[in-house]
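Here chain A shows up in two complexes: once beside chain B, once beside chain C.
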Partner chain A sequence: MNVPIPDLAPAVAELFMLAAACAVLLADLFVRDARRWITLALTQCVLAACVVIVVVTAGSRPEFTFSMMFVDDPLADALRLCILVSVAVLLAYSRRYLADRDMFRGEFMSLTLFAVLGMMVMVSANHFITLYLGLELLSLSLYAMIALQRDSATATEAAMKYFVLGALASGMLLYGMSMVYGATGSMRLDEIATAIARGEANRIVLVFGLVFVVAGLGFKLGVVPFHMWVPDVYHGAPTAVTLLIGSAPKIAAFAFFIRILGDSMEGLWPDWQSMLAVMAVLSMLLGNLAAIAQTNLKRMLAYSSISHMGFLLLGLLAGNGMGYTVAMFYVIAYVLMNLGTFGMILLASRRGFEADALDDWRGLSRRDPWCAFLMLLLMFSMAGVPPTVGFYAKFSVLAAVVNVDLLWLAVFAVMMSLIGAFYYLRVVKLMYFDDPVDPQPLLASTPSRVLMSANGLAVLALGLAPQPLMAWCMAAIQRSL
Partner chain B sequence: MSSLPLLSLAIWVPIVSALLVLATGDDRRAGLARVLALAGAVAGLAATVPLWIGFDVRSGAFQFLELSPWVPAFNINYHLGIDGISLLLILLNAFTTVLVVLAGWRVIERRVAQYMAAFLLMSGLMNGVFSAMDAVLFYVFFEATLIPMFIVIGVWGGPNRVYAAVKFFLYTLLGSLLMLVALIYLFLSSGGSFSLLDWYQTPIPMHAQLLVFGAFFMAFAVKIPMWPVHTWLPDAHVEAPTGGSVVLAAIMLKLGGYGFLRFALPVVPDASAALSGVVIALSLVAVVYIGLVALVQTDMKKLIAYSSIAHMGFVTLGIFLFSNLGIQGAVIQMVSHGFVSGALFLCVGVLYDRVHSREISAYGGVANTMPVFAALFMLFAMANAGLPGTSGFVGEFMVIMAAVEENFWYAFLAATTLIFGAAYTLWMVKRVIFGEVGNAEVAALSDLTAREALILGVLAVAVLGMGLWPLPFTEVLDASVNELLGLVQSKLPAP
Partner chain C sequence: MSFPEIVFYALGAVLLLSALRVVTARNPVHAALFLVLSFASAAGLWLLLHAEFLAITLILVYVGAVMVLFLFVIMMLDINVDRLREGFWRMLPLALPLALVLLGIMATTLAGPWFGLAVRVPSPEDAARSNTREIGQVLYTDYVYPFELAAVILLVAIVAAIALTLRARKNVRYIDPAEQVRARREGRVRLVDLRAPRGEGGGEPPASA
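Presenting the complex of A and B:
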């Protein structure tokens, strides 16, 4: 039997990541606990090398391989870069946090690499099965990472919840995919698109399948009404893992939306637009209102992430190049802010102390003025106040929505961000207006302070000069869709 | 015309100074922070002098234009330019900043660098608002001023500061977020431009104009503030430290009036004209009703805050009369109110620093122990009541004159301010300044220090100067207001 060897070149980054993740897994066996930093250094090297590979192999046109199941296009390159960089930053932030909690182990690093691999596969998928494989690789790694602290009751509960609901969502997704397959006769995204365009697919079956696909996607993104896992998982998971769940996977989920809805089911735009609109409205409403009632910062940020994902959907539901561009800008800006905020919680935590209650942030401006200032920037950015990147993210999404004549949605969204401003202001109030309980500055090492400063100032710099990032997103979307 | 980017200097000199002041760090180097802040404020004022000298009063066009692309993806430009209206407000802003830095010199002992930096930052940002010719640039500056003011009220404010700061922030954000949607709508309907000059030429259907006007109205009516969305102002004024109150009253409220002139009138003239009756009615309610509310206040700062709302009623009245005299009067009133209310808040600050009370009943007979202060306070009170010869008279008189031409009853109701204004101001002065020495604390008062006398003296000169010789101010405005009205008339259907 003659097995054709596929063209491996477009997938070289993924193949490298697979090999490297296995290598790190093996190498870690020979590293003693005291020298665990070697594993971390190796992991960071892998991520850096992968960045180099992605940059070097970047092309300007889509390239397909593995019988058209896999695509390497500028969009995938851009998103892979964002995922790799954000995970590298995350690992740098979480080192001391993990060491203090006896979680600084090889499993954490290799599971992270596998999760990254899963996300990279997701963003370059051109086939339902590839998408699903990437998604499951990501999800399984995350389930294990949440439960890494085996004797923590909240972490185990969070892992269990995430696992059960995640399995349910995967089931729905697969069910929806099978319907679409039934209607169009293909699982390849481009073939589905042509089948829909030709109008020969059974529309009822197709829309029925679409509902399940959107539900599954909604779960991964964490939008209402598929949001129930978000607060518990954000709250229960160790902060380093929460940061992982809340950052890079959002980029992967964005890719998932773009590939399935924007690329292959563009012909069903009116159908999925109204579904996304409902989810967006509910997410912004519930996310913002529930966040007000929280006393735990991680939980508050979980609800805030629900509302941010609602905003992201606004960009997607515009259903045109501009909408996808601004949604990509939004998700990158959100990941940047999220890294900063959770990174700050990691820096503020100590052995046996999680700085996750809102009251732990009292008087930070007296204890550590610079960190308080960075957190202030991050909070105003989350609230969408200029001159931070959060403003441009919101602004461009609103522009995309008004552009498709959904003025009511834009007005609703700004009203919701007004409510959102309240709870972000509360964090600023705690840091600046209240007296500190504990006068010590944060116990952060100089490198992590430098990184945090770069992160916080990037939020400001991208708010003052959003053009490069905007142009980058635009180029990636234009060349890929 | 010089090639120096003068407007950019006026914006960025204070902002860069603010960063330098912040860099001095904690209170161990408070002295250095103060000196640097004063230097920054003076440099900021100096940067506006060439604008004043180089401004061509005969031209109503925008001057000192600067244009460079900022976010080409959305066709957003760094586009600056000023007319006479902006020029006066920029000068007022730079001038007030110096006084505010001086006023906080001794009083602020905690986190000095951050306090001073916040004011410098606000000064630069507000210059940006007054000179932005691009709607998004305007919006960015407009919103960014909220952050330092929020911090100023919340950190250095009174006992109820958190409530006041959050209320201030959310109230103003509510208005401006709706405006953001309107700006985006205008961007799309003008064929992809955020330039004000393009918007002035874009015809917009009436039903859309009404919605856009509603959004502008929310933003600017909250900011200025008009009855019934004024309730944040008394809280913010009372809780803010003296410097915060001064900047809030003298400049930040003017962002609202300026917004009406720069956006509402020329961009959506039909809706502005159609709804002018409503705005005028609300303005007259502010003048009469808020004047009466001011009468019964027992807290001096609250009284001045309510009097500010009543005076701002004059500004909106003047603007929506659609006449040259009315708009000039409104701008003159804004500038004059900047001097007068700033001075009054500084006076209350002088008393508060000594006695630590803002209640009128805690004073009495201050003239006996602080004669110099009493004389100046009296002058500013007279100006607040609109006495001829002071700056307060000029603007009010012009607006009333313009109102007579429009409708006698507008003028009649507006003129009641001369009675109510005199009543609440002079009654406060009587209870605080005159009479027997009220208590031991008043008896122990010491008169103005040299620094305080300098600040209030400069303001007294400004108030009298503007009152006795308003020509330099109206001269700057005349051509610009004519240009603005010409633009509005050309877009309105012929009557």
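Presenting the complex of A and C:
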């Protein structure tokens, strides 16, 4: 029998990542505990090499391979790049945190690489099966990484909750996908789009499937009413893993939304627009109100992530190129801010001290003025205060929503942002106007301080000059959809 | 009603009832056995659809391997069922109306006139063709990418299971045969030059002979 060899060139980044993840897994066996930094260095090299591969092989047109199950388009390239860079930054931040907690092990690094592979598969999928398998690869790695801190009861509980609810969400997603398959007769995203455009498919069955798909996606993104896992998982997981959950997977989830809703089910736009609108409104309301009541910074940021994801949905529900572009800008800006904020928590923690209570941040400006200033920038950006990137991201999402005549949504979003500003600014108040409990400066090493400064200043710089990033997002979206 | 339809409804009824019993059974071993029964009836449904390969795989892999392991684990762990059931009655007033509303919505959608699925009846030649052969022909060609991804997921599961359960125990009296074989006299015996102090006549005698 003649077996055709698929064209491997478009998938070279994924293939490299798979081979490299296995190589790191094996190489780590020969590294002693005291020299674990070698594994970390290898992991960072793998991420850097993959960035180079993605940049070098970037094309301007979509290329399909593996029987049209895999697509390599500018959108996939751009999102892969963001995922790789954000994971590299988060590994750099979390090194000392992990070492202090006996979690600086080879498994952490190799599972991170497998999670990255899962996300890369998700952003370049053109088929329900590959989308789902990428999602499971990502989720399975994350469940295990949360539970890696075995002696912590909260981490185990968080892993268990995430696992059970994640399995439920996967079940919903699969059920919805099977309905769509039943209605259209295909699992390939482009064929589903043409089947819907031809109008042959049974619309009721399609919408029925769509409800379950959106519910499953909502679970993964963590938006109301599918948000129950977010606060417990963010709070319970070790901060380094929380950072991983809260950053790159949001980019992958954005790709999932774009591929399923924007690409294949564009014909059902009126149906999913109203679903996303309900989820966005509830998320912004509940996320912002519940965040006010929190005394734990990680938990507060978890609720803040719910409201941010609500904002992201606003951009998506506009359902046109501009909406997708601003949503992509928003998710990149959010990941940048999130990396900085959780990175700061990582830098502020010490052995046996988590720095995740709001009171731990009292008087930071007197302990460590530069870090306090960076945290101020990050909090301003999260709240959407000009001239930071958070402001521009929120502003352009609102512009996209107004553009499709959903003025009431935009007004509601502005009101909720105002409420949200309260709890972000409370952190600033604690840092600048309260007395420190412990006069020591942060223990952060010089390289991580430099990285943190770059991260914090990038939030400011992108706020002052957002156009290049916005143009990049627009080019990626326009050339792919 | 034709014979396949009777078989379908019979298997479907067994599947639903056993799935219900998986959740409601008091004894976890019974719950696992009901799960086996529901797998078996699902396999029967697949056979009706001419998917004999999947049906046999379900029996072999799930019933034969996975569920047996499951039973082992259940029997080894001492699961306190009463603690799992805490809060059942407290949650019932909230959960029951929600479930009923959901059931009503689904019933009106699914049983209404709008949800007519244009079912594609398998063509007669499908029964003659080998299901296994068809799957084998596409599994490593058209579906090679998802197949490999599934393999990576299993690899992650292995890594995760080992990372979560393997503990390097300290203070374990475990013997390394290689070390025993490598043992040399120099490593074990130390010659100490104990010279008796001079003049006093040899110190005190031992306390007990």
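Heads up, the rule we're going with is that the second predicted complex is superposed on the first by the 481 of 481 C-alpha atoms of A that agree within 3 Å, B and C clash if a C-alpha of one lies under 4 Å from a C-alpha of the other, contacts with A are read in each partner's own complex, and residues count from 1 in each chain.
The definition used in the following text is that contacts are C-beta pairs under 8 Å (C-beta built on N, C-alpha and C of every residue); 3 or more make two chains touch, one makes a residue touch a chain.
Everything numeric here is computed off the predicted structure, so don't read it as measured data.
**Q** Kindly say whether there is room for both chain B and chain C on chain A in the superposition, answering fit or clash.
**A** Pair status: fit.
**Q** Looking at A:S396 after the superposition, I want to know if it touches chain B, chain C, both of them or none. Which is it: first, second, both, neither?
**A** The first partner, chain B, only.
**Q** Applying the touch criterion given at the start, work out whether A:L137 contacts chain B, chain C, both or neither, answering first, second, both or neither.
**A** The second partner, chain C, only.
**Q** Here's one for you: vertex at chain A, rays to chain B and chain C, all C-alpha centres; what's the angle to the nearest 10 degrees?
**A** The angle comes out at 150 degrees.
**Q** On the overlay, how many Å separate the closest CA atoms of chain B and chain C?
**A** So the smallest C-alpha to C-alpha spacing between these two chains is 38 Å.
**Q** On chain A, what residues does chain B touch that chain C touches as well?
**A** On chain A, the chain B and chain C contacts do not overlap at all.
**Q** For a test of understanding, state which residues of chain B touch chain A in their complex under the given definition.
**A** My answer: residues 25-26, 70-74, 114, 136, 139-140, 143-144, 146-147, 150-151, 154-155, 161-162, 165-166, 169-170, 173-174, 177-178, 180-181, 184-185, 187-188.
**Q** In the complex, go through chain C and note every residue touching chain A.
**A** 109, 114-118, 140-146, 149-150, 152-153, 155-157, 159-160, 162-164
**Q** Write out the stretch or stretches of chain A touching chain C in their complex.
**A** Residue positions touching the partner: 3-4, 6, 11, 18, 22, 25, 66-67, 69-70, 105, 107, 110-111, 114, 117, 121, 127, 129-130, 133-134, 136-137, 140-141, 143-144, 147-148, 150, 182, 202, 204-205, 208.
**Q** For chain A, which residues count as touching chain B in their complex?
**A** It comes out as residues 369, 376, 380, 385-387, 391-392, 395-396, 398-399, 402-403, 407, 410-411, 414-415, 417-418, 421-422, 425, 428-429, 432-433, 465-467, 470-471, 474.
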